[in-house]
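Both complexes below contain subunit A, partnered by subunit B and then by subunit C.
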Partner chain A sequence: MLIKSLAAEWLKMRKSYIWSILAALPAVSILIGTANYYANKSVLTNGWYSLWTQVSLFYGEFFLPVLIAICCAYLCRLEHFNKNWYQVMTAPVSRSAIFISKLAIAGIMMLIVQAFFLLLYFCAGKVLGLASPFPIETVGWMSRGLYASIAISAVQLALSIRIRSFAVPIGISICAAFIGLGMYVMKLGMFYPYSLLTIGIGALSQESLTIAENGLFLAMNSLFIVIVSAIAIRYLSKRDVVA
Partner chain B sequence: MNAIVSTHNLSKRYGDAYRVNEVNLEVHEGEVYGFLGPNGAGKSTTLKMLLGLVKPSSGKVVVFGKEFDKNRLSILRQTGSLIESPSYYGHLTGLENMRIMQRLHDVPDKNVCEALKIVRLENHKDKKAGLYSLGMKQRLGIAMALIAFPKLLILDEPTNGLDPAGIGEIRELIKSLPQRYGITVLLSSHLLSEIEQIATSVGIISDGKLLFQGSMEALQSKSQPRIAIKTVDNETAHVLLYRQGFHSVIEDDALIVKEMNDEQTAFANRMLVQAGIDVIRIEERRKSLERIFLELTGKEKSL
Partner chain C sequence: MKAILLEFYKLRRKRVFLMIVLFLLVEISWAFLSVSMAMSRNPDKAGWEGIVVTIASMNGLFLPILSAVVVSRISDMEHTGNTWKLLMAASLPRSRIYAAKYACACLLMLLAMILLSIAIATFGLANGFAQPLPLSLLLRFVSGTMLANMAVIALQQWISSAVKNQAFGLGLGMVGGFIGMTADLFPEAVRRIFVWSYYTGLSCVTYKYENGTMEFVTRSVEPALPLAVVLMGGAVYLIGSIHMSRKEE
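What follows is the complex of A and B.
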């Protein structure tokens, strides 16, 4: 059943303008970050790591949360338009399959975005002529970033299913990302999905997490994914469908 | 005949107002059931409750003999529907829209071709659905509802937005579905003429209440013929007829008598002429279905 709705979701997304936005935002983050790095070359002396501080700051704190919100809003906008909720909700698939397939599509998109960002980072470093070897930690940052992105996707999907507007959930994500910065500074980052992204991606601190911290990181993200999905699926099951 | 759909005191309340009030619908296998009612009577809400899109405030829905709440997926697997206006993804072609439904219903390619052919969209299948005319979108919606060739097809105002030629075509299509594919059709409309031409059974709903339910013939038999007698002096004639046991009412300068057979008519005529009242015209008048519908729904007052 999940495969059926996943296949259907994939068909909806395949030919869509969303992919150009998915490509554009990481590119913008890299451009701004690289320009910043280049302008402050005298103080940023740690090669690849210094470049990461610049590019991941814009990416993890602003562009990625916005991108996740756009993806999720788009996934729901498809259904809010042209009474498609009626079609979706009368298809012979369970409501959980509907939500989980959307979350899975968001996850696949995030995977592609992360991979693309990493590729761009590599290219930027090469263009700048960084001599030191490519830092292998980036793969860990990207994987953790991906997992945190899925937790945020669950939240954003739930919001976008509830809110018909395209822009409002995106606005909420921007606010949430800034609040996340505050939570991170107050050392409460582990308990808030948008700060988990900051931690996971190594945007503000490139020190590696301890095993315990890694465990907590995984557990908290999993917890958010499960709880928010359960709430969203319950909402889909209980409410009257308005399309 | 098996009841494909039955509802038991089905109600939907918003605040204090009942949108649907204790409706007991019964749709039998092989029927084209016309669900008729003025705008805002609760047709769509009722159909949505049959599909689980709206949760009933009370009462229950039974489809294929199974309670909906407990058998949602197995019922939906054998049900096709088109609610309000057609659903489609505008950035995809007609065919791609069909493919999405194909995935969800897990049906073979030939169903897609067949459904597109039935609604005559096969030549437009590679055009973006967003660029379709309203009529084409409606056809696509019907094709998507038909894709699994379900046992039950629920269509909400299926001829909305179609031109006269398209309406005729869709009408013929819907009429043919029970014999051709064994599909039972439940469709709603606010147009009596529409239902009259398609349906074998009728349910009439107004202000959330089911006012009539039965075969099309049963509805038509409500339109009993009445005899209209026009005389030069209707007042006196009225009194004379009354003395003979005929209850008449004066309507548009004629006397209307219900249930009068040929002999009684001849007798009344002779009696009036002998009393010196010239009879100008005697005619049979039939109440139109339109009139019956308006009387049932009580909507004539507001017109």
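What follows is the complex of A and C.
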């Protein structure tokens, strides 16, 4: 049942133009971050790490949360059109399969975005002629960023299922990202999904997380994914949909 | 006028105003926190210029996205309800309908600007700034920001009306916000190509670095800059209006 739901979700996304947006936003982040690094090369002397500070700052702080929100709103957009929620809810698939399949597709899209961003970062470093070896920490930043993206995806999907408007959940995401920045500054980042992305991706601090911090990071993200998914599935099961 | 009122009537239960207030709350909270921290470090630099310039630079990020959200709400209700055909069959020229939607978005953003100015004034008065409330400075701030907003709204409205998939409009708003925030890092010639750079470009207060310290300087904006925004905004509005008037729904 879940496989069929996944196939149906993938079918909706496969030939959509959303991919051009998914490619454009990381590209803009890399382009501006690289230009800024090049302009301030005399101050930014730590090679790949300095380049990472420039490209990941705005990407991890603002672009990625909004990109996730756009993906999630898009995943629910078709259902909000032409009374399609009625069709989805009367299909012989469980409510949890509907939500989990959407979340899985959002996760796959984020994986592709992260891989593309990493590739662009590598190319930017090579174009700038960075001689030092490629930092292995980027794999950790990217994978932690991906896991935090899935937690945010769960929140955004829940919002996009509940709110019919395409724009409102995206607006909420930018506000939430800013609140996340405040939570990070107040050292409460581990308890808020949008700050977990900042921590995971190393947007503001490139220091490695300790084993305990990594454990807490994984636990908090898992907790957010489970709780928010349970709330969203319960909402789909208990409330009458308004298509 | 009736067409504009009808646009507001359609929006009455869309909670657009709530969205605007939420956005502004986040923006002003962040700006006031930042200015309060700066004031506690340098109490002698506490003044209206600091808060105006901070808000102006944050507007570069927030207002393109807020404009995209507001315009998307106004256009998407027609896409979602399949009402473009109905609207275009009304006994009104299509250009008037397009103009009414544009005016509605501009008025909503003007309201946001007024709220922002009230917040700035309240912050300054609450913190006991030495200078009296600079009404002319606030007026210049609102008019400069609103001019940039009008050009951005023209672009967003074209995209949001022409492309049913609102992801494009909001993606553009996001890119605009990013450019608006980082515009001051670009060379002058490059910066002026992007309409989002004018949020800081038309600001009546700017930063100036002298002997390693940052000063806030009040300036008079060169007449070429507002003219450039009006030309860009006007051109995009006309293209959008003509395109939507001739488009088969």
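The definition used in the following text is that the second predicted complex is superposed on the first by the 243 of 243 C-alpha atoms of A that agree within 3 Å, B and C clash if a C-alpha of one lies under 4 Å from a C-alpha of the other, contacts with A are read in each partner's own complex, and residues count from 1 in each chain.
By our rule, a residue touches a chain if its C-beta (ideal position, glycine included) is under 8 Å from a C-beta of that chain, and two chains touch if they have at least 3 such contacts.
Source: prediction; values computed, not measured.
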Task: Partner chain in contact with A:Ala23 - subunit B first, subunit C second, else both or neither - done: neither
Practice task
Figure out whether A:Phe81 sits in contact with subunit B (first) or subunit C (second), or with both, or with neither.
Solution key: both
Comparing subunit B and subunit C in the superposed model, the one touching more of subunit A is C
### Message
Taking the superposition on A as described, I'd like to know which of subunit B and subunit C A:Leu111 touches: first, second, both or neither.
### Response
neither
Practice task
Please indicate which partner A:Ala7 is in contact with in the superposed arrangement: first for subunit B, second for subunit C, both, or neither.
Solution key: first
*asked:* Quick check for you: in the superposed arrangement, does A:Ala39 touch first (subunit B), second (subunit C), both or neither?
replied: second
- Message: Looking at A:Phe58, would you say it contacts subunit B, subunit C, both, or neither? Reply first, second, both or neither.
- Response: second
So in the superposed three-chain picture, is A:Ala167 touching just subunit B, just subunit C, both, or none of them (first/second/both/neither)? second
Margin query: Tell me the contact category for A:Leu209 with respect to subunit B and subunit C: first, second, both or neither.
Written below: neither
So the subunit A residues that subunit B and subunit C both touch are 16-17, 81
Interface with subunit C, subunit A side, in the complex: residues 16-18, 21, 24-25, 28-29, 32, 35-36, 39, 58, 62-63, 66-67, 70, 73-74, 77, 80-81, 164-168, 170-172, 174-175, 178-179, 181-182
Subunit C contacts subunit A in the complex at 14-15, 19, 22-23, 26-27, 29-30, 33, 61-62, 65-66, 68-69, 72-73, 76, 80, 165-168, 170-171, 174-175, 177-179, 181-182, 185-186
Per the touch rule above, subunit A residues touching subunit B in the complex are 4-5, 7-8, 11-12, 15-17, 78, 81-84, 86-87, 89-94, 238, 240-241, 243
In the complex, subunit B touches subunit A at residues 48, 51-55, 73, 76-77, 79, 81, 83-92, 96, 99-101, 103-106, 144
